[in-house]
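Think of it as A, B, C, D, E and F in the order they're written, each chain with its own count starting at 1.
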Amino acid sequence: MVELGVVYRNIQRADRDVAARLGTFGTATVHEAMGRIGLLKPYMRPIYADAQISGTAVTVLLHPGDNWMLHVVAEQIRPGDIVVAAVTADCTDGYFGELLATSFKARGAQGLVIDGGVRDVRALTEMKFPVWSKAISAKGTVKTTLGSVNIPVVCAGALVTPGDVIVADDDGVVVVPAALAQKTLEAAAARDANEGEKRKKLAAGVLGLDMYNMREPLQKAGLKYID
Amino acid sequence: MVELGVVYRNIQRADRDVAARLGTFGTATVHEAMGRIGLLKPYMRPIYADAQISGTAVTVLLHPGDNWMLHVVAEQIRPGDIVVAAVTADCTDGYFGELLATSFKARGAQGLVIDGGVRDVRALTEMKFPVWSKAISAKGTVKTTLGSVNIPVVCAGALVTPGDVIVADDDGVVVVPAALAQKTLEAAAARDANEGEKRKKLAAGVLGLDMYNMREPLQKAGLKYID
Amino acid sequence: MVELGVVYRNIQRADRDVAARLGTFGTATVHEAMGRIGLLKPYMRPIYADAQISGTAVTVLLHPGDNWMLHVVAEQIRPGDIVVAAVTADCTDGYFGELLATSFKARGAQGLVIDGGVRDVRALTEMKFPVWSKAISAKGTVKTTLGSVNIPVVCAGALVTPGDVIVADDDGVVVVPAALAQKTLEAAAARDANEGEKRKKLAAGVLGLDMYNMREPLQKAGLKYID
Amino acid sequence: MVELGVVYRNIQRADRDVAARLGTFGTATVHEAMGRIGLLKPYMRPIYADAQISGTAVTVLLHPGDNWMLHVVAEQIRPGDIVVAAVTADCTDGYFGELLATSFKARGAQGLVIDGGVRDVRALTEMKFPVWSKAISAKGTVKTTLGSVNIPVVCAGALVTPGDVIVADDDGVVVVPAALAQKTLEAAAARDANEGEKRKKLAAGVLGLDMYNMREPLQKAGLKYID
Amino acid sequence: MVELGVVYRNIQRADRDVAARLGTFGTATVHEAMGRIGLLKPYMRPIYADAQISGTAVTVLLHPGDNWMLHVVAEQIRPGDIVVAAVTADCTDGYFGELLATSFKARGAQGLVIDGGVRDVRALTEMKFPVWSKAISAKGTVKTTLGSVNIPVVCAGALVTPGDVIVADDDGVVVVPAALAQKTLEAAAARDANEGEKRKKLAAGVLGLDMYNMREPLQKAGLKYID
Amino acid sequence: MVELGVVYRNIQRADRDVAARLGTFGTATVHEAMGRIGLLKPYMRPIYADAQISGTAVTVLLHPGDNWMLHVVAEQIRPGDIVVAAVTADCTDGYFGELLATSFKARGAQGLVIDGGVRDVRALTEMKFPVWSKAISAKGTVKTTLGSVNIPVVCAGALVTPGDVIVADDDGVVVVPAALAQKTLEAAAARDANEGEKRKKLAAGVLGLDMYNMREPLQKAGLKYID
């Protein structure tokens, strides 16, 4: 239930260690471990390659063309957090740049996920402050309308509740509800465990058709080979 | 928190009368009454003009190109409901057509809101079964993967919880959380109350500048008139 | 294999009667009868509602912003044909308007399918000359570069060979290869045969879950009902 | 040169009669008469079919999600004007609805062209107040930031100077600089003069190939006919 | 003609040497040599810069959100091939990742061209397995519906027949029909031959206006210089 | 007012030194200094990272799929200029590549801003000739229709007059009217002056809330903190 004009100061963060370990598996494995859900839309792209972070979400709801609440959320950041910013309507303005990044970083934020635009990407790249955004735009914003901090938000098509685990890498962004974090970690680890084995077999020329025993179901489904 | 493979049979629906009365105000007034929030993305368009409905949400989560769960949700429809269908990834396939509409209508559904495609729009138009969708597409779907029914879903950028009020018209679709329905109804009514008065004044040539006392704040903001 | 600067005068058209009968089933049924293939992308929309046509394709390949070949294709139209126009690169210019429509109609064309823009939509609507296009645009075009007529073209993502059957309605456009027309007609008819029966049952409140015997496979797939 | 926070009260409007007569030719003919220029992007669509207007532009520059200046521009409208609204960044919010339309209409405006969203489309349709917009959205806006009135603006990719002629119909929107209005009118009339003749010939089965003497240039360009 | 559920094992590949030499010219030169045709839509982008490959196409048709057939096509890959994957409807899911890339590479594939999404881009970049795709998405897929292998497919707007030559680089992807490969190679070589010469002249300050003798045709077309 | 078929040889360029110094501030600061205006749409992206240029605009208007005028504009380039290319309709073809870049560079151009496509991006990257474009496409163009050189153009939503200052970097492109260049430079310098100070404070953990004295206005606006 969206409330406007409120800042929740005390949120229940997922276990920090679990969040960190989820990040080692990457977005593809983590969302598979949840049943192929939890991904933000693929239009969310990192501003530079090879960034890979995971942490707990502090959330902020902005209005189009207005970044006032990003200053409000800064105060709520704790080390290890990732800020997740949603906007009440599509707008690619550059809500966030070098100065805010300096502040967020000083507060211990690991990065930003924003369903809008970002600017100063060169400086952010040099600072190694990663951002996943829907656009890059130099367009500045105003500071006139209240949104909220640490309420549940929909960001790029996914519901993010404050304290949830965020995992972000070159493939995109996934959100893991805090209550599912431990279970998802275990499922991700299990999934990951035999990937090395599989990779070795495939590299040796074994076909997935055989390794996964697909030939019979394919035949049953009616697949025909023609010479 | 998204669960897959579950159907919740008992949901707490918003008061039916409140839902019906909210519909009389239309999406613009209702979302304003909530503080300018709750709207689905504007790419959600009605398949025919002049449809205007309101009711309680039953929700369904689909996989791309798979409409199996639409048959499952049919059984959970009660008279006055509006089905809200989300998809785990963007896909414009035509998940819904004349036969499902016949079934939904027989169960008492007032319409469908789907973040995907719909087909048989001519027949649906003739049946007067309104659909708000992101695409029109004849592309059929498979029935192979489980989603869920009556879990909270994100549809076209908005969180919809089963039992919430849905209002949909030519301007789009808005969701009102069940717990806010009564309060929103009052705010919408209050907002609406003096619209007739305002309309009369404006039609008589009174300017909004004067009616809303904007001249002073505009001047303070620095507006300059040049002859 | 695309050739430029050629006009094939003799093409093998699908049986006209088969083409006509395919049209009675509509795009949704026809593409299902082919195995859910053959549809043009859903961005192809009719310029007015309720148009429903089917016929044999004469094809034309245009260059962006150049409609010269539409005059060339006009001569190759025979009564019952539908012109299918592809463009070598995306461009929404208005390649086609009232004068060309007058000419096409005089030659017996039933309509136009164009992966580009169209203009004079009001006049075309009054003339009842249906067009499925990707855009409406008043922008005029030049006549300077040769394309081809009656070569295989890719239009809105689908391969169209001259003489293929085109079916177009409010749901979109489908292409049926001439060699598959008869077989597809039979499959469509079979598919359509018991739709009336199904519709009646569904209208009477029978659920698809029961009519299609879905309860067991859903249970096997692990679906859980929660009260 | 864009100025913010200014309202020009005295603008030089194109001749009203010329503006009216340009409208009779429609956007396709008018932009052709100018050399195929002056069109706004084809994403600008009318909210209802069959609207056709022409008049002189009063312009307004808005900020994303802020419709304050629409109240300011209302005062500058004279009978026969068309309001052209640009926004400093892409945002589909519904800046304009029934109340503003009532006011604009009372001031004599013929319609609105807005590079943003509009709402209350049902009411606007009933009022017969036509709008060409890039989106339909119920999303409301704030009133906090100054733009300008009657400065040159870029709307949907076209430069519009206050007083220019705007012609809008089902095919889109075209702007004719005031200084070119008379000359464009003549060119449009000349272009239109023999359209009836051409239409008759084409309807009688004469080919454009012959009517426009295209066979020789096509042959020279290398076109080959294959039997 | 699209068939579903079939795998063609014996395809006629274009000459490997010709394919390799075509790759040296790059997509811009090759498509020009064909008459400015054969390009896939420009939304097809490489996942990392500086990749440049050419080879013979093995094709696969997928269903949205279903990557089963990618395992089937793996077995049909021969050294030097490039896999070209089409999908029956738009869907950006990540059909392909590190494990499949390991398998494809072990079979001798040079890369993948897919009209859908790809994931594990960091790993693919480290492996130097280039992919041209329409999206990057971590979203996983199911394995439930049959498509086909080595049938003609439409991929990103271009018809690709098994055995055709594919050339891909930073500018995009072009397909050369096998029967045209030799002729296109010659035309590309001819086109390329005097590029060095031209480059030198232009670098020395000679204008294209003079080098290409454009002044006269420009003057004839009516170009006017104003001081 | 758009004229076709003309080349203005003498344009009033903004002061070169002012242009150069504006470039040192980057697009974000420059457009803020102008009142948050003047930016081209954010779809304009650099073909490689870290390019940062500023200079005076020479402009060219092209037709879709036609790059003839790029050869004409080359002659009008003076050292320090940036070519700004607009197109009369959306078309992503690759109007510009290595040969033209060689010529532009020889004439002293610093880069190109084009509301269309570009090709040979690898070669351009190696040459260090930066381009901001809306697409990358290998698709070649024709040379048949006259546009104009050094007339005011609308490029990616912004009005560019010949001689204006263009600043382009990783965040996008901004245009500064020549008459505002000096004043904008001063405003940008003033804006920039205390950024270092602010950055230091924020890096030390001072909050923007305190540094900008936002707490009181936020409280007045009704912001509530909840523990």
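Note that a residue touches a chain if its C-beta (ideal position, glycine included) is under 8 Å from a C-beta of that chain, and two chains touch if they have at least 3 such contacts.
Note that the structure is a prediction, hence the values are computed from the model and not measured.
Chains that touch both subunit B and subunit E: A, C. Where touching is counted per the definition, the chains common to subunit C and subunit D are B, F.
Checking C-E, C-F or C-D against B-E, more than half of the residue-numbered contact pairs recur only at C-F. Here the spacing of subunit B and subunit F, counted between their Cα centres, is 41 Å. Distance between subunit A and subunit E, defined via averaged C-alpha coordinates, is recorded as 31 Å. Chain contacts: subunit E has residues 36, 39, 63, 88-90, 92, 137, 139, 145 touching two or more partner chains.
Pairs of chains meeting the touch criterion are A-B, A-D, A-E, A-F, B-C, B-D, B-E, C-D, C-E, C-F, D-F, E-F.
Looking at the complex, you find that subunit B touches subunit E at residues 63-66, 88-93, 137, 139, 142, 144-145. If you check the complex, the residues on subunit E that touch subunit F are 26-28, 31-32, 36, 39, 42, 45, 49-50, 52, 169-172, 174, 195, 198-199, 202-209, 212, 214, 218, 221-227. Those residues of subunit C that touch subunit D in the complex are listed here as 5-10, 68, 71-72, 74-75, 92, 94, 97-100, 102-103, 105-107, 117, 119-122, 125, 135-140, 143, 145-146. Contact residues of subunit A toward subunit B in the complex are 1-2, 4, 34-39, 41, 63, 88-90, 152, 154, 157-159, 177, 179-180.
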